[in-house]
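The structure appears below as structure tokens.
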Amino acid sequence: MNTATLTKRPAWRMERYAPALLLAAALAIYIAIALSLGHTRFLTPEAAVSILNRSIALGITAVGQTFAILVGSIDLSVAHLISASAVVSSAIMNGDPAMMVPAVLAVLLMGAVVGTLNGLLITKLEVNPLIATLGMALIIQGCLASFHGRFGGSVPDAFQYFAYGEVLGLPVSLIVLALLVLAAWAVLRFTRFGSNIYSVGGNRDTARAAGIKTARVVMASHIICSLCASLAGLYLASRLKSGSPWIGTEGAYDLESIAVVVIGGTILSGGKGGIWGTVAGVIIFSLIDSIFNLAGVDAFAKQVMRGIIIVAAVAFYAVRSKRIVA
Amino acid sequence: QQLNFDDPAEFARQREMLTAKANGPEGEPWVQYYGDQMADTAQYKKEGPYTICFSNAGVNNAWRVTGWTNMQAEVKLHPEIKELIHVDAEGSDDKQISDIDDLINGGKCSVLIVSPNTTAALTPAVEKACAKLPVIVFDRGVNTKCPVTFIHPVGGYGFGIQAGEFVAATAPAGAHVLMLRIVPGVDVLETRASAAKRIFKEKGLNVIGEEFTEGDNAKTKSIVEDYLQRGSIDAIWMDAGATAVAALEAFEDSGLPLPIITGEDQQDFLMKWKAEGFKAIAPTYPTYQWRTPIIAAVKVLKGEAVPGPEWVMPQPSITAETLDQYVNDKMPPLHHAMCGCEKLPDYPAAWGGQ
Amino acid sequence: MIQETVGSAKAPGAARGGRLPKINPVFFVLAALLVAITLSNPNFVEPTGYMNFLKRAAPLAILAAGQIYVIVSGGFDLSVGSVITLTVVGSSVLLNNNADATWWVIPVMYAVGLAVGVVNGLVVSYLRVPSLIATLGMMITLNGAAFMWSSGSPRGYLPETFRFFGRTNIQGIPLIQFLPVALLVLIVVGLCLFWLMHRTNLGRLLHAIGDNPRAAQMSGVPLERVRIIAFVISSLSAVTAGILLGGFAGVSTDVGVGYELQAITACVIGGAQLLGGRGSVPASIAGALTLTAIFTLLNFIGLPKPVRDVVQGVILIVAVVLATYRRNRAGGT
Amino acid sequence: MISPAIEMRGITKSFPGVKALKSVSFSAYPGEVHALAGENGAGKSTLMKILSGVYRLDGGAVVVGGEERHFSHPLEAIRAGIAVIYQEFSLLPERTVAQNIFLGREPTRLGLIDHKAMNAEARRVLALFGSAHRIEPDTVVADLDVASQQLVEIAKAVSLDAKVIVMDEPTAALNEAECEVLFGLVDTLKKRGVAIVYITHRMREITRLADRVTVLKDGETAASFDHVPEPDTIVRAMVGRDIGDFYAAPATPQEIGEVVLSVRHAGNERLKDISFELRAGEIVGFAGLQGAGRVALAQAIFGFAPFTEGEVELAGKPARFTNPRDAIRAGIGLLPGDRKAEGLVLMQSVSDNGLLTARALSGLAGKADATPFASAEEMDKLLHELDVRAGSFSQEIKALSGGNQQKAIVARWLALAPRLLIFIEPTRGIDVNAKAGIYHLMRDLARKGTAIMMVSSDLPEVLGAADRILVMRAGELVAAFPRGVSEADVMLAATGEEAVAA
């Protein structure tokens, strides 16, 4: 048979394994440090759970951010939405267990509204997603601050089950995160909607020509992203007993969630990556934190190294690409 | 429960405490305390050497930096302390909860000191820790009585009262007072403001504005300049002193006489005060309180009684009379003079002095 | 009030319909805001009024004029805020209360800025890390470095020699009575950056690589070099802004926080195209003045901070929507 | 009398600066192949994109199954039974073959994507081309060669079971055998009553497949035939005049000068053992199928995707460049085939586009309007000479027509007076007059001593404009022809159907 073209051999796709490699490296460093300092206590299953438990809020947020970035967008409003969700939920509950369900519903509704607004700005008004969500972040912050002072409240003990409860020795929050990850994976892998996210992120025109309603896909991804942020806000309210208006920004969940997603191998321009990379990214972040605590690195040196690690991890994938980035 | 930052009973209690006499050795306010209730610590008695674990909310401002230096120096005074394990939550409640978890799980701590990032948020984590080992809380409190003791100065109302009463006494009735605050919603800062407002209202002073500076010098200076363009300011009340000098510079740069002002014990403010001689007071939230948890921890581990469940210590303010005692041009600008650190090892180098 | 401001941004664009010579709408918005400020506070027309305003706006304006280089080239520079912090904190450490050290401390800070810009540029160009992530990493690192350098809080005062640029007013000038040195710095830096962006090869090549990097590369543009220079200019402008801010307000560790987003906002209000290819130095400076004017106005009307945030958010979005709308009407797809 | 499957009446469509379609009418009946012919840029693809809902029409009507429809989204067209094989690939390189074929309409079971069924179905569709063994449904598209990608593109449309299938140059990347498979498939679909719109530049395919032919020219219907006329008739309708004076006169032997470029045994990942010479004053056309490696060769010479072996000399000096900047410095220019992606800086002015390379090679701090190579005034003069039509040269180049954009890029290189100028698809998307203009421009350049390498997929253009023709296949140079060779000979060499001696 006559083949007129040079057939390109399927490349070994390093990117596919890169998150795993990075995770393995982080894990190895952690174990090495724990062993060399003689802290074998930090190598038990309980320690593993406690490491995972460090980043529940970041994990939940990052799951949502993965959707936004995969579809070729980005969400800078998550941190403020987390604060708003925590404050609103604790204000509505105000210690009353009966108000738990209304509070959760109200917060999720708020998330859906914010996500819809983000999506509308990006798809209908064609505002650059960075600007749209940054603007939204400022608006949320303003609204939050203007209600501030009138909001106090705390969550009832029953609600703290979310953050502190345990089932079969596993924290409830970790189980929730695990289920969320599985759900996200299932959506991305097994549903048409998930497939559409990749298509729209890969090339919006191609997706449109194939009959995909791209605006809806972008919108839905943003709603998912915002819902996850709201859920993270609920988790933090439960963990911290009350919502403070700087909870999201002090955790830098906006930039950290983006960093985690990108370290997980999802490319910023969209269409490539996945939820498992994000999970690896989140665990890497937790491990870095634990390593620093173990080794007693002081807070400022920690920051310096964290910045370098983020860039180095992303460079690990990016340096091989031929794409010109800016 | 609704947060209440304007509680008349607490206001009165702190106002009284400011003038009360504290127990303990004269001249060492970090071991002084009000009242006589003591916590029994026999159950925690333990052989040395000790490993002290400290979950710190962060060292993200000059006050905490000075305090943290105090604490490290204090440790050096106690040979029975083998190690101080310090975990920094970088200003995040979420992280601090995990940090406390890690410290407990590490199993090395003889005692746990916590400086909570926020009161409500850290309560569950502290409760969890109490079940395993003695816990000492300082600076901000937690909503539980389980710690052995909670070390803190008089409080936010006290600060607001000291500053407010000075302004009320110095400025004529009807004088224009500008209130400069850092951010809304922080409990200690809210109580400072509510106490001052109560006093201004009583004394018939005219509060022309309440502005938030976010602790930013540039913003502070801009705000004051804008107010000066629109009218006169007789006095400036601040809930924290870091930006006091910037506020004064706005007057200087506009060619106006310096107003009555309330600051805090940062060196830059004290230096300016000494140099210019304006009417001022510097209430403090003393950083010497960072020494006390170490002292208390060692006592607890030795089974000696400590003031508890609350250890309330004096909260002096610096006045024109006492100013000279605290001014020191060898110390860095944001050094907090009320540190009680002059006799500690490595002073002044460790505090950045010369 | 808010509606009015936004309305005035729209009016000129709509009236011209792309016929008359294009004047960037940001200048009309700025003019309208200045009128509004004057109405709410007649003292604003006094030299102390508008000079204070310009002095205050100078750091952000310089920052925006530098940031626009990176934006035009298709990237973002999130590290500028931390460069400001580093400049102020680092200077206080190096000066060590010694006024005579100013003459060498300032060049050292510029050298640090240069290094930061070069590293940003190298990481983006050769490690192919998107600038959003690269400069985010730089921001985190530099913040940590600033704190490490000073062990957490500033170690010295900024002497008056250092603060000269940000604080001093040159007195006794006819007509305007006095002239802040900061304004002078802004004018000099603004003119230099204007010339570099709009009169030299570098400026045109920056536009080209932001517009279509592949085409620029195929046309022989030294992509890496041009991109590195863009980041260097942004970092150096941040050092300048840091010197002015430190001068204006004295030493503190919080200085610079949030300036990166404000600078980007200023550029966007000035009509810059995110992801590259379009942007102007004067319009970005006008954007920065607009942003400062908004804050000043809200201050004067006595609106609380929350409203200010909301207004900033709304303005940001509306500015971009209008720019897109204008562009679509002018042609193109 | 059967009614048409689709009918388009009086369609008009404008893009900023271009009137792409002026009242075009077109129809296709079930069970027929309607060929749509026309030069590059005649509006064929645009017409079909209106049919498929990618573009919205400015005027006219689309009637599907007797009912007037206004598609505002491709989905509506797909639902109405219209499938399109787009000319530019519309595949997602990071996704698998099966995912691409079923883009947006994956088979589901209980709401979940049934990957097994999807792969099986993809295999079944691919089997129609006899390529099931060659293309695995779970391969990532980026790992496929160009021809396989084209097959996936076709499979994507065929799998829709549509009533109307539009094929926009589907054979551009296929070899002879694969073409035959496709033709067989078209016959099968036809028998099933599918209406097929077939766009191609190859007369052979029209003769072989079509039942009716419509010719577009400059956005208008130039001719409509209810039978398949002689190729000459079609060509005349397409071009509108005699081809003779369309191209410039060839080079005379005296005009051909020294060797400018000599390549010996050069190669890289995509190229094998390439040897040839280019001389001053000649235009050498490079022919071949899509993916044969012509662009790869051009990019290798230009240093963009460098050679990894062999020797290259430019005017006697070693010239294996590793980046375009060095190549440009040494005197090589390249006009990319994909103007939008690789040539233009769209938001900048016409004059900025012209000056781009001059500026790139000048000092960064130098005056933008007075480079050592050309000043802004000189560039304006040059643009005038090239007859670039624009409201003003300081207007954004985005609004210009393709031909004028192309001329502005030519001006970019003229300012540098290169020794060797590489044109890739020089007339893609350019109207007839501009095309002739470009051919004459190329000839004028050659006369001034520039060597010109022309890579083009438009065979008549290669035959008409080049002095010499080199043919590539699978990364190798397989044949060389003098001017005057027949289209058939070149095609045979390009597809490798028959060994041809050089």
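Observations, loosely collected:
By letter and in written order, the chains are A, B, C and D; residue numbering begins at 1 in each of them.
Keep this in mind: a residue touches a chain if its C-beta (ideal position, glycine included) is under 8 Å from a C-beta of that chain, and two chains touch if they have at least 3 such contacts.
To keep track of the chains, here are their UniProt names: A = ABC transporter permease; C = Autoinducer 2 import system permease protein LsrD; D = Sugar ABC transporter ATP-binding protein.
It should be emphasised that the depicted structure is a prediction, and the values quoted were computed from it without experimental measurement.
Counting hops only between chains that touch, chain A reaches chain B in a minimum of 1.
With centres taken as mean Cα positions, chain D sits 43 Å from chain A. Rounded to whole angstrom units, the spacing between the C-alpha centres of chain B and chain C is 36.
Note: centroid distance chain A to chain C, computed from Cα atoms, is 30 Å. The residues of chain A that reach two or more other chains are 145, 148, 299, 302-303, listed in rising order.
Residue positions of chain D touching 2 or more other chains: there are none. Counting partner chains per residue, chain B shows two or more touched chains at residues 59. Every pair of chains that touch is listed here: A-B, A-C, A-D, B-C, C-D.
The touching residues of chain A, counted against chain D in their complex, run 1-11, 13, 186, 189-192, 194-196, 198-199, 202-203, 205-213, 271-272. Here chain B touches chain C in the complex through residues 59, 61-62, 64-66, 68, 209, 212, 214-218, 220-223, 225-226, 229-230, 242-243, 245-246, 249, 253-254, 268, 332-335, 352, going by the rule given at the top.
Within the complex, the chain B residues that touch chain A are 1-3, 58-59, 85-88, 90-95, 97-99, 101-102, 105-107, 118, 120-121, 123-124, 184-185.
Note for the complex: chain A touches chain C at residues 121, 125-128, 130-132, 134-139, 141-146, 148, 255, 258-259, 262, 268, 299-308, 310-311, 314-315, 318-319, 321, 323-326. Within the complex, the chain D residues that touch chain A are 52, 54, 73-75, 77-79, 84, 86, 90-95, 99, 103-106, 108, 111-113, 115, 139-140, 143-148, 156, 173-177, 270, 289, 291-293, 473-475, 495-496.
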